[in-house]
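Step one of this worksheet: look at the structure below.
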Amino acid sequence: MEVNVENKFVVQNLNLFYKDVQALRSISMEIMKQQITALIGPSGCGKTTFLRVLNRMNDLIEGVRIDGTVLLDDQDIFGPDVDVVNLRKRVGMVFQRPNPFPMSVYDNVAYGPRIHGQKNKSQLDQIVEKSLRSAALWDEVSNRLFKSALGLSGGQQQRLCIARLLAVEPEVVLMDEPTSALDPLSTLKIEELLRDLKNHYTIVIVTHNMQQAARVSDSTAFFLNGDMVEFGPTETLFTRPKDQRTEDYITGRFG
Amino acid sequence: MNSNRLSNTVATVILWASGFFIVGLLVFFLAYILGQGFKVLSLDFVFGPASQGGVGPQLFNTFYILVLSLLYSVPIGVGAGIYLAEYAKPSRLTNLVRLSTECLATVPSIVLGLFGLIIFVNVLGLGFTILGGAAALALLNLPVLVRVTEEALRTVPHAHREGSLALGSTQWQTIRRVVLPSSILGLITGITLVSGRAIGEAAILVFTAGTSVSRHYPDFNPLVAGETLAVHLWYVRGEPLVANADAVAAGSAALLVLVVLFFNLAIGLPARIYQRRLRGSN
Amino acid sequence: MSNRQLNSQLAYDKLFRYIFIISAVMVSFVIFSIIIFVSKQGLQTFQDISFWEFHTGTIWNPPVQFGAVPFIVGSVSVTLLAIALGGPLGLAGAIFMAKVAPPWVREIMRPATDLFVGIPSVVYGWVGLTVFLPIISKYTSGPGFGLFLAGVILAIMILPTVISISEDALRAVPKSLEAGSYALGATRWQTIYRVLIPASLPGLVTALILGMARAIGETMAVAMVIGNSPQLAGSLFGPTATLTTEIILSMGQTPFGSPWNNALFYMAFTLLMISLSMILLIKFVVNRRLVNEQ
């Protein structure tokens, strides 16, 4: 397989303020295509805030101000001609707690294609099945597609949310601590899924679980108090960190 | 994609238009009512006796009946609210009380008026009285008071109660010294809300407090008939014999709205703002 | 603390517990008394009047004919008209307040809708008479009193009920569902009508039902503008009467215990049953469905 080392995101000198508080300080980093990039750090360090910059979910929060540039395929996502709805279609997000809509499994997965204009029933059927298979959920739900998604277990719900996202065919998948609310077995399933998905998607995952970052990611960024302290290949960062603070964090001295 | 953006824009425009229409409607109502009323309102009109074309006795009766009705309904309503917020465990009684409150809240006011008519006029034989009107009006206030009390008490964090109980307080001491003081503003706001509604109520009072006023003014006797301002506005509309019916109606309408505005702005709003500040600082 | 003090505290505790329980029971006692007294008085109607005639007759000419259909149809018509006009506007206002309006606009609208509740019903009636009546009269070249005017006034009166309950329902939808929809590239409107409205549907239906309950029980404003003619409205703009308006206008002219008077109590009983069944509908059908879905 061809190893792809192109940039997907290029972040330059990004600052983010929430009202008067600076939550992110001059972050610069490159996120590679078809790799898994993990963002780690203690809670409140800005890693989730940074993740939400990448598909402009912070736009929904009042009092957030951003400067700096974020290029997605060489285009500034804060540029005047960028349509935020279109951006989010390309850069989808999975949240900390599974958030299936209160409708059937099928309707959850078909939600994205439908809002983007897909009306053809057999096409929708195909998309739903394909997405559920990609999220390794098809075998478990194929016999209850038309029952409420709220009846699924937490782990199933989270994979449903992933399937729902894949149905939109995004280029980038952002994940905000996607396994923090799940049991170990479901966590394992989602980690396996991530390794499969990376062949087609660029994935950025926020996690407070360092083992998880070490297990699944190619690159890791360590955040602390709004600064990005260190960023590099996962293996290097976890075995030979350059910064003392990274060393302290990964050896469990705080956090 | 384009059609999505178009429908989003159209919907946004419609929603903004609805919002503006609703606020515009209110502004129009207030401007019209007060504008018409200010041509008529004078000290003589507001406080003067009926013989001089004033509505003083009606204004007096309005407040007198309001105060009496609160005397009936506040103890029971607040008591029931305290029961639901502090004592009630899931049980049949609790469900029944909750259902009763909701039912009572939707009973049309004319039905409450007829109930008052049966009890006070026919069973007790008192005729149309301020007392009977106030009691019937209390039924309108009651369910709202139960609800606002329960809501106000529920905003008090559970930890405060545990803190007090852990010091060996009885439940009543906890309620009196911890829960009620920290929810008192919510209660006041609730009572203002109830008062504003009760002041404008007419259907309940026509057949309980009647449509005539005492010859004395002010008359504190609760066993005489007492027409309120809202009932007066209703009454002059149907009586071509009343002199200047139009002016009296316009003046009464404006006065009613002013009283309600006063309740909302002078009592309700400061309490609400203060409460928000209190919560914000925590 | 001495033993005596402790005992007196415990006695107080017990005393107040009973006081609160009694207060709560009083509320139930009140609603049951209302049902019993009003039904007892109202059901005496059928000692003198045929049950069949009352419910199917269209001619109200007491003390000879007691066909109450015009009032029943009148009440139902003004209610449907009110909800048809006020329901969509109220829902749109609620969506606007909950999801579209910037905070400062919301800060204006919240107390504004509270003030709508504060305007007394007689004042609504009076504004209807002095402002809306001449307009309708001009455009229909009729007297202006009637079904349509009553429906318009009621539509305005039920706005605060519809707005506040449906706004609460919309706000109760977890933020995460909204975020989930935006993260799939949905527009705000798509998120509102495909996720928020379905998720808050029981609350929205409750808001509309309570709006209708308010409309059907409203008396003063309707009586001032509907024309009070005890006949079926010939047209949308024709004068008619409702259960509530007939009660308020005839109660004072009929001796207590007479068939006509009893019939008015039976109308009140009918209204009572309608509003109680609306509450039961909300509690046991609308909200039960919500529970089953989750």
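Brief remarks on what is shown
Letters are used for the chains, namely A, B and C, taken in the order the chains are written, and counting of residues starts over at 1 for each.
Convention: a residue touches a chain if its C-beta (ideal position, glycine included) is under 8 Å from a C-beta of that chain, and two chains touch if they have at least 3 such contacts.
Since the structure is predicted, the reported quantities are computational estimates derived from the model, not experimental observations.
Across all inter-chain contacts, the pair with the most C-beta pairs is B-C. Most remote from chain A, judged by the distance between CA-atom centroids, is B. Taking each chain's centre as the mean of its C-alpha atoms, chain A lies 48 Å from chain C.
Rounded to whole angstrom, the centroid-to-centroid distance between chain A and chain B, based on C-alpha atoms, equals 52 Å. Our note on geometry: chain B versus chain C, Cα centroid distance of 16 Å, whole angstroms. For chain B, residues touching at least two other chains, in rising order: 4-5. With touch defined as above, residues shared between interfaces to two or more other chains in chain C number as follows: 187, 190.
Among all residues of chain A, those that touch two or more other chains are 85-86, 115-116.
Here chain B touches chain C in the complex through residues 4-5, 7-8, 11-12, 14-16, 18-19, 21-23, 25-26, 29-30, 32-33, 36, 75-80, 82-84, 86-88, 93, 96-97, 99-104, 106-112, 114-115, 117-119, 121-122, 139, 142-143, 146, 170-173, 175, 193, 196-197, 199-203, 206-207, 230-231, 233-234, 237, 249-250, 253, 256-257, 260-261, 263-264, 269, going by the rule given at the top. Against chain B, the residues of chain C that register as touching in their complex are 9-10, 12-13, 15-17, 19-28, 30-34, 37-38, 41, 89, 92-93, 95-97, 100-101, 105, 108-109, 111-123, 125-127, 129-131, 156, 159, 163, 187-190, 192-193, 210, 213-214, 216-220, 224, 244, 247-248, 251-252, 256, 264-265, 268, 271-272, 275-276, 278-279, 283. Chain contact summary for the complex, chain A toward chain C: residues 55, 57, 60, 62, 85-90, 92-95, 97, 99-103, 111-112, 114-116, 148, 150, 161, 164-165, 168, 174. Within the complex formed with chain A, the residues of chain B that make contact are 1, 3-5. Against chain A, the residues of chain C that register as touching in their complex are 103, 174, 176-187, 190, 194-195, 198-199, 293-294.
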